[in-house]
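Here's the structure, in structure tokens; my notes come after.
When the chains are written out, they are named A, B, C, D and E in that same order, and each has its own residue count from 1.
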Amino acid sequence: MTASSNAAPEGAPVSAPPPADKVGASARPTLRVGPSPHLHGPETVPRIMRWVFLALLPAALVSVWFFGASAVKVLTLSTLFCLGVEWLCLRLMRTPGALSDWSAAVTGLLLGMNLPPTAPWWLILAGAIVAIVVAKHLFGGLGGNIFNPALTARVFLLVSWPTYMTTWLKPGQRQWLAPGTDLAGITEATPLGLLKEGRLSELSAGASDLLLGNLGGSVGEISALALLIGAAALLWKRIITWEIPAAFIGTVAAVTGLAYAIGGPERYLAPHLHVLAGGLFLGAFFMATDMVTCPITYRGRLIFGAGCGLLTAVIRLWGGYPEGVSFAILLMNAGTPMIDHYLRPRTFGTATARQGATS
Amino acid sequence: MEIAHYLQLVLWAILVNNFVLAQFLGICPFLGVSRKIESAIGMSIAVVFVITAASVICWLLYYTVLLPFHLGFLRTIVFILVIAALVQFVEMVIRKVSPSLFQALGIYLPLITTNCAVLGAALLAITKDFNFMKTLVYALGSSIGFGLVLVLFAGIRQRLDIVPAVPRILRGMPIALVTSAILALAFLGFAGLVKM
Amino acid sequence: MASGVSLDREFTKGFVRENPLFILVLGTCPSLATSTTLFNGFGMGIAATFVLVCSNIVISLLRKFIPDGVRIPAFIVVIASFVTMVDLLMEGFVFSLHQSLGVFIPLIVVNCIILGRAEAFASKNGVLRSALDGLGMGLGFMAALVVMGTIREILGNGTLMAGTPYEFAPFGEGFKASPVLVMTLPPGAFLTLGLLMAGVKRLGERS
Amino acid sequence: MPAPCRVVVPLRQHLGAPAKAIVAVGDRVAEGQPIAEPGGFVSAPVHAPIAGEVTFVGPRAHPGGFPCESVVIEARDGVGPAATDGAPPPWRLPGASADWERMTRAELTALIREAGIVGLGGAAFPTHVKLSPPAGKPIDLLVINGAECEPFLTCDHRVMLEETAAVVTGVRILKRALGVPRAIIGVEGNKPDAIARLGEACALDDGIEVVACRVKYPQGAEKQLINALTGREVPPPPGLPLDVGVVVQNVGTAAAVARAVTAGLPLYERVVTVSGSAIARPSNVRVRIGTPLRDIIDFCGGLASPPAKVVMGGPMMGASLTDLDVPVVKATSGLLFFTRHECPDSTPHACIRCGRCGEACPLCLQPSEIALRVEIGDLDAAQALHIQECMECGTCAYICPSNRWLVQQVRLGKAKLHDRKQQRSA
Amino acid sequence: MIDPQVVIVSAASLGSVGIASAALLAGASRFFKVETDPRVEALIAILPGANCGGCGFPGCSGFAQALVDGKAEVTACSPGGADVAKQIGAVLGREVADRARAVVRLRCSGTRAVAAPRVEYGGVDSCRALLLVSPAGSKACPRGCEGLGDCVRVCLFGALRMGENGLPAVDEQKCTACGQCVTACPKHLIAIEPYDSTVFLACSTDLAPKDARQACQVACLACRLCLKACPHDALVWDGRRPVRVDDKCVGCGLCVDACKQGVLVYARGAVPEPGVRAQAERLLAERKAVEAARKAAAKAAAAPQPAAPPETPAGDGPAPA
């Protein structure tokens, strides 16, 4: 039993909202008082979330180009399911937040981009429930979650239904897949899947295919180039910072490069293919950088990114799963509070040896 | 390749077959002593020490006393006695030798007697037919795994306390368990990392 | 403990009001580990109940003779003896169950419920009361395990009563073919217990 | 603007102890005559802004929102601004002369003290205190703050343009009073006209340089300006600029010093920026201390629309007024009349941990973390996160996408810590 | 078939392990003896010894230490239950002595409906924070309750709740008069009062009566009718407001009836006992009769015979100047 369970929830608003009607107001207009600053910058949470949503669209469009109706179905269903579940949660659990803050839409789109194009509707619904209810609202809604909702859902689905989660379409299969369609002829393994199964020699996709997205994979991860375009927009709008993606991708390249150099091309994939393959770009630019679940200091973000990279590389090279990005980010999400706890920025004026401030 | 093998054993015990997240050993202290990072660290150090010592002593006792006399069935009783005595002994020694160390982690020692991770480690080492060195390495790895997860978890719970938005009925144990669930989910990523 | 408490209350308190798992949060390790199926949970519950009742009786009988200074080790020895007994009995008669419960049968020794009841109740109360207390607590623990086992088995396996001749698929064969596999794995155990605990807390607030 | 007919002069116009009134109801006072004496070392005298009769001495509304001991002076027949004939001659500081270069440091400091000069940047710290550094803290540099403290405010800019000579004279006097060889005037780079004029005026004195610094907020905060100009970092509180051998003064203060020392004019007027969409004619006006706000509103063409919020000071650190029946005080650098459109309702979201507040904080604090600790009542944790070092510049709350009340949480935390300290010592 | 040899060997080996560890511990306990607070030992003896960590402290000894240090709640041990809590209380002497029960009451009636606002506040949801930006508060009455719930948040017993009307409501059954809310209220509007007192003044305004009337419909206007209505002299004037004298007040409620503003109210909806009420009314009537007689006499004395001093009962009336 928790010792504090009988205490009032500290900091929770206990008062009803201020009166809308002015009772007994005098003729004089009442002035507003409030704390400084009296101005506010243009940035708001919905604006940030909207930008993330927009930045994801290029990669989503590439998917629609290659997978047609399947991709459209997965992305739409996932977004709608997440919004619906979010609406229910807000109604039933009364956690703070609103549909209009776009966070559920971003989670929904991200979840959709993390699913294979063949995902059936119930799989998407289960993912939406795990993402929104378990990973987000049980922890108190937007801002309270420890783990990235979309990734929690993806991992949950991957562990529960591994076959459904790893049935990749060959690019160019744009037709509607009726339930029960025989997928045998129209699927192909991802480069990382081939690597895991030791069938590296069958790998046909080259670096240019990986860049453009002309290969099998999750709806949103196939085209590194489209993801880069979105990421550039986010970096330009200063919604994400460079530390996490750089440390993440850099560490993956370094570790896989080392393995490649030592182990040789028969057993290992070249580092540039490692970087372009799988969900690395999607994870590094869009999910590891999720503000709620990553550290808040520069140094913390570097460590976070490097940790993600190391774990990704370890799982890819030696683990049981072909792809380690999701697991790595979730694991580092768990470490975020520790990183924040031990890495505090140096307060102004407390410099001893080095004058590090910019002027 | 011996060293590589032991290294694999350690990794397996820490990541793949984690005491808390995969084997459900030591859940009570995991949930109980994870409210503050500092106490979690103290507990972790104490657990690493006791599990390693207890496993080794139990292994010696089992193979030098119990087995030769065909008393394998007595191992549960003997092990728990040895662990209880060991914990109490360590507690007394630390209290005398280093009061500051006792302040830091001595208070966690009694809690360890009924930590099923200790007895679990000793029993599992016997069940898996580990030799002496393997038992030592296994106990060390497992307890480090326990400590690692405990400290990570304490960090998370401390943050959950700072952002008090968790719905009321979930506060405390329920949200701690849901957090453990997702943590366990993340640790599943290490499945198959080391094949033992 | 006040003798004013009626015997039936002594017996029933463990079910909900002082449920060892959901309210007191004791015995979490075995409940997470062995509630993969209804049958496993039931087996673990029976074993724990047996040890709990027997050790409560013996400790209650011996409570006048055990010197205070060594009572905890003495209790542990008593409990460990019964645990060893259960271990051997189960190995002999229900071998498959014994296999699936694994190390958690000997680990009943360190189950907080048993030592806690021995110390808090049996060492201070008469034999009948202690036995009833043990039985009630044990059954409450078992009930919690059965609930968890049922949920996890249905969702994670698509079956119910697996391990017995009465196995069936409550949600049909289609679901059984692709169940929520993760529910049988550790994350499912933590999630189930966490949500059940929240549910029980909610129920307690309502009443 | 012309002197008003009635002024309300609060006696608490500076940091430190309030001044003590030395006039009584019915007394006739001349313009500039002292009406209150300092209440301690860290305090300053107050002078009559207009000639007239003292009609009230007692509590009156203060811009801070609390009643404060004040002196009310009303112009009477034959006395006061309405009738310049027959008015008693304005009172002037004895001992002031244009020949200040012959005065000693102590004489200069005494004059500045008698003139009631306080920092006109906004904090209103008595200037003579800053000019009397404790022994053992050598001062080697005078920094003159021309880096407009806050957005919206342009009064320093106007002072630099229109009173360039006075500013430079003031700087030279301050340099002499402190006995430092060097002074830097820091001006934000977006005011090239001010930089040019000051540069010309300073050409005579090679001990003064004018430096353009980056345009950013909060460049006008002491510690930031010192860092920008010299690279020195002032240690956290109780660290002061003194600790790195620097004294900072505002350009307005320098001009006031020049007027006091050369012409004997005590501080009873200042330049105030009047702005915001709700005012008809935004402008910079030179007003007498104690002028009621309504007079200023009328002078600036009245209100264009009913203001939703009236801020005294700058938009980032100023205080919102609860009442329009308050006077201008020495610290009033700006008066901003905001419409509802300019300060819309903002309901805070949950913190999404974006970390921007920490990136923006000029003191490298973590405002979101501090605010969360205050919210849950963990004051010790807030203290460990250096809550006391926050200067409440408002950058974090400005930038926060979740609209959280970061500054007010910090102030709340500081207030609670103060309460707790008092409770413990009681 | 039980082999006696197995039994003997088991018993012997178990026994020797037991003896060995007992000897080890006995030696160790002598060799490594450390003095500790006897209360900690006593508490450890009381506690279940399960070391389950359920209390949030590391084991029973950690909990015992925390109890002695005053860092833990007596009732935090869930395996032990109420029985153990009682024993812990006995050891620590934390049994709350029986004393006159007190509760807290809010000295303000300025609900949203009756109190005029002065400014509109937008900021942290806390009274203390509001006062930082507007030291006189947000209502026209500077001594009005802000209704942002600083008191509610500090209450550990759930005795305070923010009402729909914008004022905190006290559940006097749950209130323990611990005083947390009294310190938390930045305007000092919460007072500790005897539980038994039935009448109290729910206003703290210090505004002049004419300002108070504008600021709030339920404000004390200093009319003093309540003082005149009290037959027991249980109300005294402190210069601005009536103050109840606890040992004189019988709770007849005549003052409540007399108060036109409704700022004198009954606590928890108490109703005065009919007997007390009747007696008070009788007393008041007697007083009024005496007063009337005195006035008549004074008038009569003043008009024809200015020299004769009026007879006053018990000499407590002001002498005519």
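The rule we apply is simple: contacts are C-beta pairs under 8 Å (C-beta built on N, C-alpha and C of every residue); 3 or more make two chains touch, one makes a residue touch a chain.
Because the structure is a prediction, the values reported are computed rather than measured.
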Count of contact steps on the shortest path from chain C to chain D: 2
Supply the minimal count of touching-chain steps required to go from chain A to chain D. 1
Any chain that touches chain D and chain B: A, E
Check: interface with higher C-beta contact count, A-E vs A-B, is A-B
Please name the chain that ends up farthest from chain C once chain centres are defined by their CA atoms averaged. D
With centres defined as the mean of C-alpha atoms, identify the chain lying farthest from chain A. E
Going by C-alpha centres, which chain is most central here? A
What is the distance, in whole Å, between the centres of chain B and chain E, each centre taken as the mean of its C-alpha atoms? 48
If you average the CA atoms of chain D and of chain E, how far apart do the two points sit, in angstrom? 45
CA centroid of chain A to CA centroid of chain C, Å: 40
Counting only Cα atoms for the centres, state how far chain B is from chain C in Å. 22
Considering chain C alone, which of its residues make contact with at least two other chains? 23-26, 72, 77, 112, 115, 182, 185, 187, 191
Expected list for chain D, residues touching two or more other chains, is 65, 319-320, 322, 346, 350-351, 369, 375-377, 405, 408, 411
Using the touch definition from the top, which residues of chain E touch two or more other chains? 18, 22, 50-52, 54-56, 78, 118-119, 122-124, 129, 132-134, 153
Complex contact set, residues of chain E against chain D: 118-119, 122-124, 126, 128-129, 132-136, 153, 183
Which chain A residues qualify as touching chain D in the complex? 10-11, 29, 31-41, 43-45, 47-48, 96-97, 101, 140-144, 291-298, 340, 344-351, 355, 357, 359
Quick one: in the complex, what on chain D touches chain B? 350-351, 369, 372-373, 375-376, 378
Can you list the chain B residues touching chain E in their complex? 28-29, 31-33, 35, 39, 42-43, 61, 65-66, 69-71, 74, 77-78, 81-82, 84-85, 88-89, 92-93, 95-97, 99, 107-111, 113-114
Note which residues of chain C are touching chain B in the complex, please. 25-26, 28-30, 32-33, 72-73, 76-77, 80-81, 83-84, 87-88, 103, 106-107, 109-112, 115, 182, 185-191, 193-195, 197-198, 201-202, 205
